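In the two assemblies presented below, chain A is common to both, partnered first by chain B and then by chain C.
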Partner chain A sequence: MIDILISDPTLRDGNHAVSHQLSAKQVAIYCEAANKAKVPIVEVGHGNGLGASSLQVGIALESDKVLLETARKNLSNSKLGIHVIPGFATIKRDLQLAIDIGVDVIRVASHCSEADITQRHISYAREKGKEVYGVLMMSHMVSATLLVEEAKKMELYGAEGIIIMDSAGAYLPNSVTEKISALTSSLNIPVGFHAHNNLGLAIANSITALEAGATILDGTARGFGAGAGNAQLEVLVAVLNKLGYNTNIDFYKILDASEIAELEIMQNIPVIKSESIVSGLAGVFSGFSKQVKRLAKEFNVDQRDIYFALGEKKVVAGQEDIIIEVVMEILKKDKHE
Partner chain B sequence: MNSLSNSTFIQQDCERSCTDVELLRPLSNKNILITGGTGFIGKWISEMIIYLNKQFGFNTKIYLLARDIETFKSEYPTISKNVNIFFIEQDVKYISELPSDINYVVNAACSPDSREHVSQPLKTIDTILKGTSAVLETSYRLPDLENILHVSSNYIYGNVTKLNQKNIFESDLGVMECNSIHSAYGEAKRMAETLCSIYRNQHRLPITIVRPFAFIGPYQKLDKPWAVNSFIREALIGGNIRILGNENNVRSYMYGSDMAYWMLRILSVEYTGEIYNVGSDEAISILELSKLITKLFNRNIEVTSRYTKDNHNKIHSLVPDISKAKSLDLTNTFSLNESLARTIKWNQLFNNVYS
Partner chain C sequence: MKKLRVAILGSGNIGTDLMIKIQRSEFLDCVLFIGRNLSSPGMAKAINMGINVSDESIRAIEKNPNCCDLVFDCTSAKNAIHHWEILEKLGKIVVDLTPAKLGGLCIPAVNLEESVKQKNVNMVTCGGQASIPIAFAIGKTHKNIEYIEVVSSIASKSAGPATRLNLDEYIDTTEYGVKIFSKAKTTKAILNLNPATPCIDMQTTIFAKVDKANLEELKMEIDLIVEKIKSYVPGYQLLVPPIYENGRIVVMVKAIGLGDYLPKYAGNLDIINCAAITVAEEYAKNRNHG
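Up next, the complex of A and B:
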């Protein structure tokens, strides 16, 4: 039986779905439930990770310190994980604090073509003895060859596994196979996949990733995450059990945890809305959805036009300020027509 | 209370490695320049010369050339305050004039840290090629030059796994994927060897090349992402050992003072123009290495492995054949177990991070 490592970012990616307004109480409730289910890694924090609370990507309700300390108190079976994007998170101000609080797993992320920026953060976390992974976001945007080159950099920096993110929910299964196969045949360390559900393929793509050699998967309760959400964790566990993979997660208890999550932390259960389908097709980061929706309403522009224009510009997370530029360009174009 | 000083610890190592002082006698009353002088190789050669000067009256002078001398001086006062050690603060790429009393040159500039090679590939290539070129061109004008020891790398061997043999000979050459950012260091090191051959042929410069393999010992920073460094670091900070990649891969490790003695012996050989592997031929799998390290600590240390299934059957071996060095009466005086024990002890006693 093959062991699959499951990481659960319900309390991190899910924070995107509520504009980073998860409270300490909600974190405590879900951590307790996930801990009972023996979820291997529970990821906690602002949607864009440690140190990201800002006007640009959204002010979080709680500080990193409060979120992590609360999670730490409620996790004993599960490891406490964080998502770290260098630029948002500094080593001295943020990473050191998180390590002092007692995080177990540090996932250092960059845009898929910019692994260079992760060197210092990965090295620092390894020096402190932490379990460290490299994460390549928006991985649909580059070729398998480039993805391998960037992943190999992270491996050299000291990453213990590489996770590629389908941040836009844009992958089709054949692309998952191509990229995961390229990574597993080139790297010496385990490979993982983080799915989004914009095209309704999150579970299918996750399983495709396993069949191509991945051994790490991300999933969230009820799929709670940015845009159309992630691979639905309880479904993922059920499917993995049926396929004969081992996750060490208690199935009944993860079903209970997802019920609790639905009741206690979700304003809305993620569904694949029309704009999510469009953003998936356009290959735009799911975390943009709130701002696109707000600006579309404010300027009376069709969201779908915004997504396709953003896709053409190949925008990435952190470039939220381009959304307004795109809106202005659409207005200008409409005026001329 | 520890009464052993860092200086005594290191000098004990030098004494053991220095198996035949007379073989190094050509270096007495001579002056040696080391580029990249503040790195692992520079520190250990300096320590060996300090030992030879003190115990055997060699009266050898060392010039350490590096970009950041001040930090080095504050971190390594025993070396920097020695009366026979002098500093030249300069980027190796831009040297155009050197003290005219230099007799020997050790060209060891450029970090072997693979993280830097992929993050800053252009800088890596620049340092190796422009640096080597500047060293050779400037050395050409030294009136009393006797030999240049060019420190190349085992990276130049490329992928030798396909050669299907146990240890790597100096004559072996594996393939290297030139169309890859990950080949920046290896390809530049190959080109630097070609530069050496050009200067040797066209300018009759005396040049000997060494190809270092893996080293361990005091002065090696444990933050480097290499297996042995990571294992020792994790064990020292109270954690468990995580093997990343294939646990069956095979490596070997040479102790720092042995390396210094070898470098100086090869530097002082009468006939230049040769190439020597510098390393240990005591091969060990990564898994066995981790177990060896756990036995050196008085606690239970868990060892786990993480790897991709695809590459688990491909065993990569990186162990030098050292018969050529043995012909110069060179041996590894420290066994692997002793090297590891000594490295751990030094870090516990003298490295503030782990003591």
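Up next, the complex of A and C:
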């Protein structure tokens, strides 16, 4: 039986779904439930990770300190994980603090072609004796060859595993196979996949990743995450059990945890909205959805036009300000017509 | 007029672009271009252009201290600290293009005259050069600024290895600069690298949370300062004039480069290099007058 390492970013990716307004109380409640289910890693924080609370991507209700301290108190079986993007989070201001609070797992992320910005953060976290992974976001945007090159850099810096993210929910299963196979055949460390559900393929793509050799998967309660949401964790566990993979997660307890999450932390259960489909097709970062929606309404512009324009500009995670520029451009164009 | 003799320390993207730009200066003479590896692309360019080069790093100046009056440090924040220890003893003026923050921060459109009173002047960061003048204008027209945030996106191809390793210092120094020049209570800086092809132009967004937005006066101040920046960075432009949206002021600017070493998208090189040359020329003019 193959062991699959599950990381649960309900309290991190899910924070996108509520514009980063998860409260300490909600974090405590879900951590307790996930801990009971023995979820291996529970990832907590602002949607864009450590140090990301900002006007650009959204001001969080709680500080990193409060979020992580609360999670720490409520996790004993599960490890506490964080998502760290250099360019947002600095070592001195953010990472040191998180390590002092006692995080166990540090996932250092960059846009899929920019792995070299992760060198210092990965090295630092390794020096501190933490479990460290490299994360390549928006991985649909580059070829398998380039992805392997970037993943190898992270491996060299000290990453103990590489997770590629389908941050836009843009993957079709054949590209999952191509990219995960390329990675597993070139790296000496485990490979993982983080799905989004814009095209309804989150679970299918996750399983495809395993078949291509991945051994790490991300999933969230009810799929709670940015845009159309992630792979739904309780479904994922059920399917993995049925396929004969081993996750060490207590099935009934993860079902319970998802009920609790639905009741206590979600304003809405993620569904694939019309604009999520467009976003997935355009290959736009899922975390943009709340701001696109708000600006479309504010300036009376069609969300679909915004997504396609953003896709054409090939914007990356963290470039939320470009949404404003795109809206201004659409308005200007409308005026001329 | 006697030109000021300058040396460039660091043969990466910044140093090489600077070298090319200095060839056009009436006030500066690039006497030495210094790196660590004669076969690097920057070195090759310098040799090709007939500039004196050295691969001995700071040793080149230690061995021949009279070779220059002013040194542009285009290495990394970490190396700049070590270089300044040596260059200060040698009595050199240093224009520091790393985010080491050893000298006072200089934004030519704001504090050129005061800056050249120092022996070490820091050029903040590319994002700082783009955003701080706008933050300064916000500070001039608004009291009690709660928060300013500046976000820059640059083309991946324009960010060399030192820039990438210095991301934390970039953030730290930019935040510090925005705070000092705007007097905002708290500040935040974010940097995105975008690998899209064709390459994106350097673009910076400034967000501010203020008590009461005064967009009209701000617009006037911004127009004035943008003109001032344009006098030394021709490709600097206001992309989205101040709007008030979702409880915050938003301004967007963009910097298109002159396309000297890297193509025009690398406005991040131009904005800091043009600023650095403006400062060095000011030293040269002062010396000629003095």
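What we mean here is this: the second predicted complex is superposed on the first by the 337 of 337 C-alpha atoms of A that agree within 3 Å, B and C clash if a C-alpha of one lies under 4 Å from a C-alpha of the other, contacts with A are read in each partner's own complex, and residues count from 1 in each chain.
Keep in mind that, in the parts below, contacts are C-beta pairs under 8 Å (C-beta built on N, C-alpha and C of every residue); 3 or more make two chains touch, one makes a residue touch a chain.
Remember, predicted model here, so these are calculated numbers, not experimental data.
Looking at the shared chain after the overlay, A:Gln56 reaches chain C, while chain B stays out of its contact range. Touch criterion met: A:Gly158 reaches chain B, while chain C stays clear of it. Once the two complexes are overlaid on the shared chain, A:Glu298 sits against chain C while remaining clear of chain B.
By the touch criterion stated above, A:Ala28 is placed in contact with neither chain B nor chain C.
In the superposition on chain A, contact of A:Asn188 is made with chain B only, not with chain C.
Contacts of A:Asp116 after superposition on the shared chain: both chain B and chain C are touched.
Shared contact residues of chain A with chain B and chain C: 116, 119. Against chain A, the residues of chain B that register as touching in their complex are 114-115, 117-119, 180-182, 223, 225, 230, 233-234, 237-239, 242, 244-246, 306-311. Those residues of chain A that touch chain B in the shared complex are 116, 119, 123, 126-129, 131, 149, 152-153, 155-158, 160-161, 183-185, 187-191, 213, 215. Contact residues on chain C toward chain A in their complex (touch as defined above): 147, 149, 151, 153, 156, 161, 164-165, 167-168, 171-172, 188, 190-196, 200, 203, 205, 207, 209, 239-240, 243, 245-246, 248, 250, 252. By the touch criterion given at the top, residues 54-56, 86-88, 90-93, 111, 113-114, 116-117, 119-120, 141-142, 294-295, 298, 313-316, 318-319, 321-322, 324-325, 328 of chain A touch chain C in their complex.
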